[in-house]
């Protein structure tokens, strides 16, 4: 018997993931500004809370709470209602406090995870840990601490990672991509004088997954993952173009 | 009922923005020299002041006041008249003074925003904050301070950001693009031995927006956003070319 | 009479290798996250243990043991059974302890190799040694120490090396590729809006080997190396495209 | 009534500029070695001196006076004659002396501008200021000092800036392009196994201007700006090629 | 009368070299891992020792002697036999000891060259000198010392240089390519989903040489240099592709 | 009446130069290893000495005298004879001694120039001055010192500059290209699986010059500059290819 997967509720994406993320796994979602990382994290938490009975926790290091509520609302979600029902929790903190809390059983973070029965967690964004040290070599242990700490909590954690417009071709700082169980990349793709969003699952330990690069759409009705970019090459290289012939 | 959007008065652009910017949002306008950032900021303030009854404030760290008046005049705008009517305010200051003022209720900046009933603000340019520190990691808190400070003021703020000719493909310094609610990119695009201007909305929190890359024109009659670059690829990559076939 | 080669059990790959790796050789397997390095290492050890009577040792600097068991299980392998039979050993340690142990006959590492009759070894990953020094010039002697130490042990060692998405075009840190006997590169290759895996053998001292770039697949039935990418150019350059004409 | 523009006397270029440069503006002319920056500066000064009754001043930080006279002569210009008539002045100085002089009313520089009735100025080259500091952040204030100082003098100033063969795609050091009113780029363009010169006006505050990339020719009869590069793409990217189809 | 050239015994390559290397010259052989540098060096020494009566010396800074014997054997060469006959000598040493020895007549190195009548020398690899200093400017004198020292010995020396997969486009460290008399580049070239080896002679002082980029093959029967890459462009740029039309 | 030009004796090149270099000018010849810089310098000196009655001086910072004689001989030139006739002089020295000598009337350098009636000079190579300082900003004054010193000597000087395979696209160190009167670039160009040599004159103060990129050939009969690369694009970009259509 296989464990139930942690679905996102986005049909196309869950199909790509073989039903959803593997429970207890660490998922890195990388993307440039505007590619929809925060929307995907909200969707992931809301779906768990409302459809899979998995209470969620959103940890934000920077965003204004009010912005989040407004963003969610524009997609048809009522965060306040889920919070009132105890299905969704928000924690606005700093990277330093988060790291300390992860180590201490009595911390607000751990109490919240324990009493709230948190099963899903989203961290917006792991890139803030980059600023704790200027030495690349010191960053890896920080990331190891984060992922090991979260694994001990038993949550299925989505870690949002900030990228520049073409940084997919560079190694992610501190080798985080090697530490996590799954890597989802969101990209802006220029097609016929239009910026479209693409999603691809680059890595998924312990599971098979779809390899397609698919369209990722965010509209007033929420998120959708649809078809592939038929007849296009170079989507992830930053130079998409129509294939010859 | 939705809030009224903060329009720019440029018909094509307002359509792309779903009517205009979301009130209270932070908008980053990135562009190389000559792509029209200052013109767009002036247009945004003038439209608010004269058509939506939203008094505006332009904060400049470098430009000569006389240059601004002349530039505006060449586009058919009379800044002095709007100033005399109390609809437009100019503040020529330094990044350091601005940051200090943002924190202090008695500062000239805050008094001006309060007494002038300022609703729209343009900052030319945020790139000057880059020079306050040589450490990338120290820049993010500066930008967080700026955007949080402006959010507290309740203004809809357009932050102009300086880029080199092909820097769109690099992450914007200090991760500012992740902090703001909207990102508008202006670009020079070489088409048939001519440099044209392009505009694209890369990010817009809490709203849907058009994804097209459209022509952005500045002429004696003002600004216009028109059609897409049909049949072209690689517009944002810095290597635009005619698509094969 | 030639020595028996250390096969991987992946038919297509063993064909490329002229039967398998040369016994006693040092093999660098380079790849980006999600290209299948750990899967290949497990496959290599399991095949040796179960089909060629070569006990194996997996040394991991970071991964959770439980993750490894789960990953193996998803590919149809039962690591625990092999461990119980004494055919497979796991060592979770740090780069520093590993390096010290390699030098000392009484170390846990050496005792394990000796008493376990270890013939195959996999190290996940050599990139952790990069973090022991910030000077490129000091890294080479570290790598020389690792490869010479392992050569003295007489094992056939697979060293996993972490790369970013397009780092194949850069020299591997510390010149490790020059020190080892064989270099196998795993790559993500974008073909028709899909990310496929490719494998190529770039170097193999003391043996001829196939030069093709072939598809590398990981599925519920395990690993497979199949056909070449007919009609494609630029596979390793990071810009694969259909060849004209 | 509009002010008379500061023409260059090169018909094709003056057309692109809407008649000439805006009086009192700061113009950056960027180009690689051999693209004709100094020739354009001489042409600009000579035309002002001889045709628009605007005495000119050439400030050079490095070139031998004799080289300048010879270069001018090869283009059919007699600098000595214009100097004798008091229409053209030459100042061979250092960046440090220039900066100090700009601040002091009694300096040789200011006396020369005052008594000579200087209306046009050319500075060869602003890149020498780069060498005054090794910190990018300290360079901007230097450039601000130069442009503000020259604005106070009331001259229309052409600032020559040194670039490498493909540096157009990088931001100009110290953000000078953002400080000036106009940016003219000169480029070498490889067309059919020949290096041709191209000129483009990237920025012009307070005026409309042509956007074409045109041929820029230097011959024994002087300078000429002619047609566009019809059917070519990628002219400014450094990889010009014939457009398909 | 011309001196006899120092042939490699690889027919296709000797033709390219006008018969072989110029006696007494310094030859840099650059290549990425797996391109066949060590094989070419062995071939060069063996041919000299067995066919041109030129005793050879291989100096290795890193490789295990046993690996070398095995590699040679796989290509059908018996190094031990040549050593027993006094035609081939091996010296496993460090860069520091080598440099000191080069200066001192009594050193093991010089005694070996003198008593062994060494005419050909191969150094594997010169890249180890890079690690003696972190300052590029200090590296040139080191290389000058190496090449001048070897010139004084009167040997024809092949210096192997390590490159990354695409480093041909970068200057070789310390400007070594400018110091030597000949430069031979070995490259991996991707053709139709296969990695092939290519060889090109970029420089050869005092002699004409073929300019073709040819296939370089290593098989059980040894080395071969065959035909050119007809109909291909961009071989050395790292992006080989079929030429259009 | 125009001064006689300093020809190179290479017919195709002298045509490109309008007869030869302008007397008294500073000429930078840039090129990668093996592009023929030293050959061109020898040809330039020999032609002046034997055909235009202009005694020449070759200053070398590194090359062995014997190598130079051999190289010249392979091209059919007898340097020793010209030396014996007092038409050609060789000076093997260091950058430091050269710089000091340039400033002092009694130096060996100045005495040689004076008593030898030197009219042409070649310096192999100016890149050695790069090593005198690690600060880019300190390099410019060194180069200014060299060019101004040589201008005072009244010689027509060819300065050889070392480049990597694709460094044409980078600015030459210390801005030397801006200081000199002429820039000649030698390049390796890959055409149909063959490395050919190309020459282009990028800059020539005080003279018109051909803009073509032409073939540059070095054979047993000496140097030749022939036709252009008809139907090819991207020659100087490092990615030459057949133009479409």
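As written, the chain order gives the labels A, B, C, D, E and F, with residue 1 at the start of each chain.
By definition in this document, contacts are C-beta pairs under 8 Å (C-beta built on N, C-alpha and C of every residue); 3 or more make two chains touch, one makes a residue touch a chain.
Keep in mind it's a predicted model, so treat the numbers as computed, not measured.
Undergrad: Give the chains in contact with both chain A and chain B, ordered by label.
TA: none
Undergrad: Please state, in steps, how far chain F lies from chain E along the shortest route of touching chains.
TA: Steps on the shortest route: 1.
Undergrad: When chain A meets its copy chain C, do both sides use mostly the same residue numbers (more than half shared) or mostly different ones?
TA: different
Undergrad: For chain D versus chain F, what separation do you get between their C-alpha means, in angstrom?
TA: Measuring from centre to centre gives 29 Å for this pair.
Undergrad: Just curious, how far off is chain E from chain D if you go by their C-alpha centres, in Å?
TA: From the centre of chain D to the centre of chain E is 51 Å.
Undergrad: Listing for chain B: what residues touch at least two other chains?
TA: 239, 244
Undergrad: Building nodes from the protein chains and edges from chain pairs that touch, which of line, ring, star, complete or other describes the result?
TA: Contact map by chain: ring.
Undergrad: Name the chains in ring order, counting from chain C in the direction that reaches chain E next.
TA: Read from chain C toward chain E, the cyclic arrangement is C, E, F, D, B, A.
Undergrad: Under the touch definition given earlier, write down the residues of chain A that touch chain B in their complex.
TA: Contact set of chain A toward chain B: 32-34, 38, 62, 64, 67, 70-71, 73-74, 125, 127-128, 130-131, 134, 162-167, 188, 190, 192-196, 218-220, 238-242, 244.
Undergrad: Using the touch definition from the top, list the residues of chain B that touch chain A in their complex.
TA: Within the complex, chain B contacts chain A at residues 22, 135, 137, 140, 144, 148, 151, 168-172, 175, 177-181, 183, 200, 202-208, 211-214, 228-230, 232-237, 239, 243-245.
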